[in-house]
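So, here come the structures, one by one.
There are two complexes below, and they share subunit A, which is joined by subunit B in the first and by subunit C in the second.
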Partner chain A sequence: MAEVACPMAGVVAEVKVQPGDTIEPGQELLILESMKMMIPFQSETNGVVKEVKVNVGDFVNEGDVVIVLE
Partner chain B sequence: MFDKVLIANRGEIAVRVIRACQKLGVRTVAVYSDADKEALHVQMADEAFHIGPPPVAQSYLNMDKIIEVALEAGAQAIHPGYGLLAENAAFAKRCQEKGLVFIGPKPEAMEAMGFKVKARQIMQAADVPIVPGNVEGIQDLEKAKELAQGIGYPVMVKASAGGGGIGMQIAHNEKELEQAFKMCEARAKAYFGDPSLYLEKYIEEPRHIEIQVLADNGGYTIHLNERECSVQRRHQKVIEEAPSTFVDPDLRQKMGAAAVRAAQAIGYNNAGTVEFLVDPEKNFYFLEMNTRIQVEHPVTEMTTGVDLVEWQLRIASGEPLTLKQEEIGINGHAIECRIYAEDPDKNFMPSPGKIARWQVPELEGFRADVGVYEGYTVSPYYDPLLAKFITWGETRDQAIDRMIQALESTVVDGIRTNISFHITALKSKLFREGRTTTNFIDQLKKEE
Partner chain C sequence: MATKGEELRAVRERILQMGPERHKKRVKEDYGKLLCRERLEILLDPGSIVEDGLMANCLEEELAADGVVTVLGKINGRDVAIMANDFSVKAGSWGERTVEKIIRIQETAMRLRIPMIYLVDSAGLRITDQIYCFPGRRHAGRIFHLQALMSGMIPQICILSGPSAAGGAYIPTFCDVIICVDKLGAMYLGSPRMAEVTIGEKVTLEEMGGSKMHCSISGVGDVFAENEEQALQMLKDYLSYFPQHCFEKPPVYEPAEPEKPIDDIEKVIPENQNVPFDMYEVIWRIIDKDSWFEMKKLWAQEIITGFARLNGKPIGIIANQPKVKGGVLFVDSADKACRFIRLCDAFNIPLLYLMDVPGFMIGSKVEKEGILRHGCKMLYAVSEATVPKISVVIRKAYGAGLYAMCGPSHEPDACLALPTAMVAVMGPEAAVNAVYYNHIQEIKDPKERMKFVMEKQKEYREQVDIYKLAANLIIDDMVVPTQLRSELIRRFAYYENKPGELRYPKKHGVMQV
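After this line comes the complex of A and B, so read on.
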């Protein structure tokens, strides 16, 4: 089981995956809003999403686990 | 002069306005969101009022709350800074209705500049050059094709009611025009509720040069020379300077006079900026007017000796503008670097967080307008501008050398900043030679 940590602090603007989705490197997982910019957060690995730990509007810090992979 | 002014803003500009008020003996009222309890502007103001949660819609854009606080604190005027409510005519009107002075132009002047096609008509009538194109909104593709033939490709298709680059598309030929027209029409309708479009000639390799103006409530207007703002990333300015290496005295005189005519045509009062695109042949075209103090105002202050924020306060309080056009000279050269909390190595990704170390030097000819301090946590809720570094030199080379020295002796830990980008840019041959078009950053990557 692998955990995906958030690269930066911000507010979750969009969640682009759900449990059961197969993801690959470069795929957008979340859109974060930080400092008036929309920043796509892309996956660096392959995997299957087990759990999405954040919702739209949540505040996340750098290093927070946002997605758990199987 | 006012006894007390509320500053409806945050960060370095709120601090800048507070300093101008202190200089004039005016008491200050700060407002802040939950995220800004520890902010520098809150600490510096005489009084501070909490106005809501971090999102700007619920705090710094909450007009009712801000006006309520101003009245409660006994302020006579509100300074909006830049961004947020600064160009909101409805807010300016509400201030008026409540007996508060909005430190900026009258709402009618802001509105005249808000609608792009109308602004083009006013400017044409006032003999201010506009980018060749039409001045009536159109909704018919065949008409657009005809117009484009007359203007000559490439053309820009823009929304009549638009702004901020929304619903804007370039077309190099008739086929592209068909696509651009459909796309812009849909966006214009969705964003502005008005599908009408207009066409402009696309200016190749433009420079972005703007003229600062000051006008008092009686309509007396002067200009304070140009600022060159061509170094941009994501349509946001990064480095600005005054004077422009590209502008000669003849062009300066012509652009300055055009900017004064533009301001007078809409009955403008207070500080404002007229933005122009300038092509390689030195033809200049009206782009828009910013009805506020600008981020980059210090480079004008450093080269003219005029305190623009102080004049904003004086004019708003009813004082006549006593500066004469012929007194406004250009003394030396000034450069401004915007220090952003972002990582230049990761495509300028935002870098909020706690500032573990913040050491900014004191040097001759160096001014730092700062909105943060060591130990302060930079919030992800607002824009990433931490500070502005401004250097002055007798020559452009001296201003550049002083800026490099200031940047190299600044230490920031805990968050990433774009300081290293500035150093690379300023040390480049491209910048040194003044070849600063809006494609500067791409050009820099190619040449380095």
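After this line comes the complex of A and C, so read on.
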């Protein structure tokens, strides 16, 4: 089981995956609103999403686990 | 009976065969590494080697050259000095003569003012010999002392294609560049075994100090190589951007047109400041084709640092990468830029800054990491550099990001802007929030509130319009995007002969670290 950590602090503006989705490197997982910009956050690995731990509007800090993979 | 000459020839032949066959077999088959002298053969021009200390410890059959080969040789006709650990001799460990040989080749490189290359592959100090090679004036510590003294005077280049343990790991780290070979290279202060004994941590060698870890997480490694042959080629490529020493200019090559035509450069830069794009697409439209050599590519990717050639002449590029973390400057990106700027400045490589930066990261996480300290470091390096330097505002340049990317206050020879540029203390959204926060909160109707905010943002955009800044001579010129490459070539040609800038006499500054 792998965990995907958020690369920078910000507010979740959009969640682009849901449990059961197969993801691959380069795929957008979340859009973060940070530093007054919309910053896409891409996957670095392959995997299947088990759990999305954040909702739109949540503040996430750098290093927080946002997605759990199977 | 053999003559004296034949006897000597036989001894030298034996030494040139390196360590015992069983050890050589292990190096090749178990580790999958090249032998020490095979590496030199690939790296150096044929017949160019002059070797010192070949006879070191020659009375001991199994200690050929005492485990390190120290030579002068040529790379594409250029003189270099090399220290190469021989893993087939006692795992490349250091004894008394090993250390003396390393010190001597370093002294030779300094005297001749030629690049010093370290091919590192060593188990470390022979503990049984420690009083002859660890504590004294010409013992191991002096290797690092000399590295510090020659830093910035001659290029120091390392290929890490084996272990480099404890104090020995400072040899790579003191170099200007470490090319780390996948799976073979490893450096660490304490080995996994040591970690388990002393602090109870269980960790693999790869996790502890492997090439991938150092190139992507710690930032100690600079270049990641798939294998040894690639690493040796990369070393040659790296050297092609550098002069022999700090009082020379870097070598000039045949000019080449960019890989991608600059005609469509406007298409790759979105006008909306908040939409990410790939800064490499700008770089490929400016620099000579096949001239890119990137440093710390896998680490702190929100900033890009690399050598390139512009019309045949080497430059160092520092570029924000909006595609990664919005191009925001973090603790590591500031360190990465600082290190690269100082490297270029030390060896007379002109600097080109390409800006699309929303500023330094905000928040308690980065404050605790000391982002002020790290940001200071980058700003310091920018101020300190006296090489020809041009900064270009590609898109946004907000807050201290403008200063850190060599904006007008930091004495670039020119600060240019594309028509997509926006230079401001902060972006319109943040600025309107900051100035009108209370007022915005008081407007109850969401529609009205949005209307107010949009109006104020529009006003703000007009205030900081790039034509207004150009009209006020804040920037030196605006450039039609398709003319950016030719403009840079023409400008650098004027700046390249400047005699250096006035600096106050002093020992050295007190840079944040």
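By definition in this document, the second predicted complex is superposed on the first by the 70 of 70 C-alpha atoms of A that agree within 3 Å, B and C clash if a C-alpha of one lies under 4 Å from a C-alpha of the other, contacts with A are read in each partner's own complex, and residues count from 1 in each chain.
What we mean here is this: contacts are C-beta pairs under 8 Å (C-beta built on N, C-alpha and C of every residue); 3 or more make two chains touch, one makes a residue touch a chain.
In this text the structure is predicted, and so the values were computed from the model without any measurement.
Trainee: Return fit or clash for subunit B versus subunit C, each positioned on subunit A through the superposition.
Mentor: Clash.
Trainee: Have a look at where A:22 lands relative to subunit B and subunit C in the superposition and call it first, second, both or neither.
Mentor: In the superposition, A:22 contacts neither subunit B nor subunit C.
Trainee: Kindly classify A:62 by the partners it touches after superposition: subunit B alone (first), subunit C alone (second), both, or neither?
Mentor: The answer is both, since A:62 touches subunit B and subunit C.
Trainee: So, A:11: does it touch subunit B (first), subunit C (second), both, or neither?
Mentor: So A:11 only meets subunit B here.
Trainee: After superposition on the shared chain, which partner residues are touched by A:38: those of subunit B (first), subunit C (second), both, or neither?
Mentor: second
Trainee: After lining up the shared chain so the two structures overlap, which partner does A:46 touch, if you call subunit B first and subunit C second: first, second, both or neither?
Mentor: The answer is neither, since A:46 touches no partner chain.
Trainee: Could you tell me which of 182-190, 236-244, 308-316 or 326-334 in subunit B overlaps subunit C after superposing the two complexes on chain A?
Mentor: It is 236-244; the other listed stretches have no clashes.
Trainee: In the superposed view, which residues of subunit A touch subunit B and also subunit C?
Mentor: Common interface on subunit A, subunit B vs subunit C: 7-9, 34-37, 39, 62.
Trainee: Which residues of subunit C touch subunit A in the complex?
Mentor: Residue list for subunit C touching subunit A: 273-276, 325-326, 328, 330, 358-359, 361-363, 365-366, 426-427, 429-430.
Trainee: Okay, in this complex, where on subunit A does subunit C touch?
Mentor: Interface residues on the subunit A side: 7-9, 34-40, 61-63.
Trainee: Which subunit A residues qualify as touching subunit B in the complex?
Mentor: Residues in contact with subunit B: 7-11, 33-37, 39, 59, 62.
Trainee: Going by the contact rule at the top, pick out the subunit B residues touching subunit A in the complex.
Mentor: By the definition above, subunit B touches subunit A via 341-342, 349-353, 380-384.
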